[in-house]
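Down below are the structures I want you to see.
After this come two complexes, each holding chain A, first together with chain B and then together with chain C.
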Partner chain A sequence: MRAWTRGLIVLADVATVAAIIAIWQAAGARTASYLSRPSDIASAIKVWLTNSTLLGYIPVTLEEAALGMVIALVAATVLAALLASSSYAAELLEPFMALGNALPRIALAPLFLLIFGTELKSKVIFVATAVVFIPFFSIFRALTTVDKDILNNARCLGARRLWIIRDVYVPAVTSSVVASLRVTVAFSLLTAILAEYLASQAGIGYEIQQAQNNSQANYAMAGVVIIAIIAVAIDMALRLLERRALVWRDPS
Partner chain B sequence: MNTAWSKRILQLLILAGLVGLWQLLVSLGAFNAIAVASPSSVASELGGLLGSSTIWLDILHTLRGLAIGYLAGVVVGTAIGTLMGISAVVRAYLTPFVAFLNAMPRLALIPLLVAWLGFGQSQQIVLVFLIVVFMVLLTVQASVQNIPRRFVDNARMIGAGRLQLVREVYLPAIGIWVVSSARVAIGIGLQVALVGEFFGGNHGLGYMIEEGESTYNTNLIYAAVVVTAVLAIVIDQLLAVVNRRAARWLP
Partner chain C sequence: MSAPLLEVDVRHEIRGERQKQANLVLSDVSLRVHAGEFISIVGPSGCGKSTLLTLIAGLARPSDGTIKINGEQVTGVRPDVGFIFQHDALLPWRTASENVQLALKFRGVGKAERRRQAADWMDRFGLEALHERYPREMSGGQRKRAAIAATLVYEPRLLLMDEPFSALDVQTRDFIETDVLNAWSQTEGQTAMLVTHDLEEAIALSDRVVVMSQGPGRIVSDYAVDIPRPRNIMDVRTTEHFQALHKKIWADLRTQVLQGAAPGKPR
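Coming up: the complex of A and B.
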């Protein structure tokens, strides 16, 4: 594609966004208040930024998502390492893993709230359970498909068990974690917000739900806009990380 | 004894052991009775549910929302994905929007969708659509871009018109990928459909779970979860079979 075509397309993108905002602004003035308007949403965000309630809520949501994700990653690594080290155990437990994976885990949120309450702990456990299978299958596959040649080469060079773990298995696990990280992170954030919608006392999801209950559409929309910005920013950062981290891998 | 059989028996024993342990712990009072129901009371609740007609209507309701949302997602996703696959200009124009919407947690839109569309099933359908459409779109786009150039050239050379090209080259290539992505897309779509029912409507399995929670009817929650899990596994296995059949002609 020529440079000026590319430029025109970028221009068209910008124009489309501007048109959507303009139409929304014009339509929002006439139709029911629940649609809100871009200007109202912007002023709601401004209010939030100045009185700092939101700034207090963002870390709450991120903490739930991050803690849940770290627990999921650790559990997935341990579980995958155990199952990968014994093919009999792996075969024996395969139907249970498949069952756990096929379970509609996001839809189990009310169960977690019931068992563990509405505090941080309950959200962290929910996020961890909902997310754990994504890295698990990725790590398990990486561990069980480690190139035999690499293993034999390492052994030929006199590598002991610990060295093989450090130089063969750990890189395999790390790269599979990185490769599935974008999906894992997106899911963690999503499930944390979902749990906040269902029952909570703090967090962005709580804020949106509160605003909705008080018919403050502009605040609810502002909350969603902020979630979108955070999620897209994290996703872009992880995409960069992924490209850097996996550079050494075989392109195949 | 056959090792495959001994493995199966061992698996059943593990399952029985887990259920037994669960029953034992509940009857010993290890859990809060409001939070954890015993397997036996869940089983009797389940028996009552399956005997009534409402559970089947609830299942149908959930499946209906899933089916409409999924089909709409496939139609729109295939159309836009094909355009993006064929035309570099369309692809360059739409990619920023697709990337943004795909990275955005769309389930966060639930409260807004409920406010806009009401508590009926339409918010659930839109939610399923929003999740499925981008999965299909990205799959279709990649599959169209990956159609080997020579297939298209060969078909043209032996005199294929535009319509024939679509029918003989593009549709099979797209179809196989839509089918193979269906298992993941419908699995996630089902979860989304259930979540949609937490927030709106008064039918469906998701509503049943939510109803159990809000009325502290623990047996009902667990029974609904069991039905949901069985439904998810049945759908998953059916799609696995469809997948194998559809992929049979592939080299």
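Coming up: the complex of A and C.
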């Protein structure tokens, strides 16, 4: 893509967002009772910024999401490696993984709160179990579909087992993890906020829930907007990372 | 004559995971190849010629019989054997230069020496400008050249090639074959073994052409190619001697191909 077309697209994005905000604001006079206007949301965010509620709560949510995601990635890698290396383990465990994946895990959130309490630990465990299936299936697929010729070629060139893991399996897994990272990160954030929303003492989800309890639609919407901004920022950063890490792949 | 470098006496069947009956791929195959020979194996598709090559490479074990290289029984992949695959098997996440260095890295050769040797082989295969390219940024011919350089860089005593040129266009193929032949002739007694379905290619490159039967494969005939070297593989095909040889071997090969294609014959 040429630089100017890219610039044009960014411009179009900005214009679209501006237009939506403008229409929303204009229509807001009629709907203000149940849907906050952008100006109301903006002033709510301003209040949060000045009393530093935001600075306190954003890190709480990010910490829960990040810890949960890291645990999910590690667990997914270990599980996938186990299942991929043994056909018995695969036949034994795969139905359970499919079952776990199909379960509405979010509906189980209250159970986690009951068992693990409402502290950080509970949120992290909830995020990890909810998210683990995304990287698991992509890593398992990456491990089991490694090209036979590439493997045999590495063996013929003299690669021993450890070298094959390092030079063939690890890059294959890394690329699949990076490719699914955007979904994984988004889902981690979502589940962390959901857990906060259900029961907690801190975090963006908690803030939204409090606002709703007190019928402060402006603050509830402000929370949603903050989440959206964070999500977009992280997504853009991940895209950059993906482009760098997967430079050897066909541009998709 | 001294003992052959390669001695093959095998019978090989493959049993699928859920298959009750084993599938005979190679009925008795006996083959002797001497050091420094360039030998080609031709045969109808499905005759097991590629399987034979993977057995010699040690990538699979024969169900029956033995394969010996330099008098030692093959029990796995050997460091003195090279294998060039039909489809390019370069690591897609490594640059051309890194791919060519791989075998040396696996052998513990230092970084600077590795680079020097890889650069030397990449020069010989016309890849001097492509060191930093990833496989996806290279053409099919360039990838094939890189794969060949990656194998020749450790100077295997026995070079196995499984239809390496079949996916290339005719011009590219001629050039790469010439480079491979030059590289082989400059070695000290490297033995080359090519599996191909292209009889012209087999004759142009080899000292010997072995014809295999329709599967389950066995060796039907063994021809010496007494065309003097050095050969120009593009010109050699037009000589009378070449064409007479081609006619003779083709008669054999054709019978095998036709037998396999005959209707009603169980496979």
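Just so it is clear, the second predicted complex is superposed on the first by the 219 of 252 C-alpha atoms of A that agree within 3 Å, B and C clash if a C-alpha of one lies under 4 Å from a C-alpha of the other, contacts with A are read in each partner's own complex, and residues count from 1 in each chain.
Everything below uses one rule, namely that a residue touches a chain if its C-beta (ideal position, glycine included) is under 8 Å from a C-beta of that chain, and two chains touch if they have at least 3 such contacts.
Since this is a predicted model, take the numbers as computed values, not measurements.
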| query | In the superposed arrangement, does A:168 touch chain B (first), chain C (second), both or neither? | reply | second
| query | chain B or chain C: which reaches more residues on chain A? | reply | B
| Given the touch rule stated above, what does A:247 touch, chain B (first), chain C (second), both, or neither? | second
| message | Tell me the contact category for A:153 with respect to chain B and chain C: first, second, both or neither. | response | second
| request: Could you look at A:107 and tell me whether it touches chain B, chain C, both or neither (first, second, both, neither)? | output: first
| Once bound in the complex, which stretches of chain A touch chain B? | 1, 5-6, 9, 12-13, 16, 34-35, 91-92, 95-96, 99, 102-111, 113-115, 186, 189-190, 193-194, 197-198, 205, 208-209, 212, 217, 220-221, 224, 227-228, 231-232, 235-236
| field | In the complex, chain B residues that touch chain A | value | 7, 10-11, 14-15, 31-32, 34-36, 88-89, 92-93, 96-97, 100, 103-105, 107-112, 114-116, 187, 190-192, 194-195, 198-199, 205-206, 209-210, 212-213, 218, 221-222, 225, 228-229, 232-233, 236
| chain C touches which residues of chain A in the complex? | 147, 149-150, 152-160, 163, 167-168, 171, 175, 247-250
| Along chain C, where are the residues that touch chain A in the complex? | 54, 57, 59, 77, 79, 81-83, 85-94, 102-103, 106-107, 134-136, 147, 150-151, 154
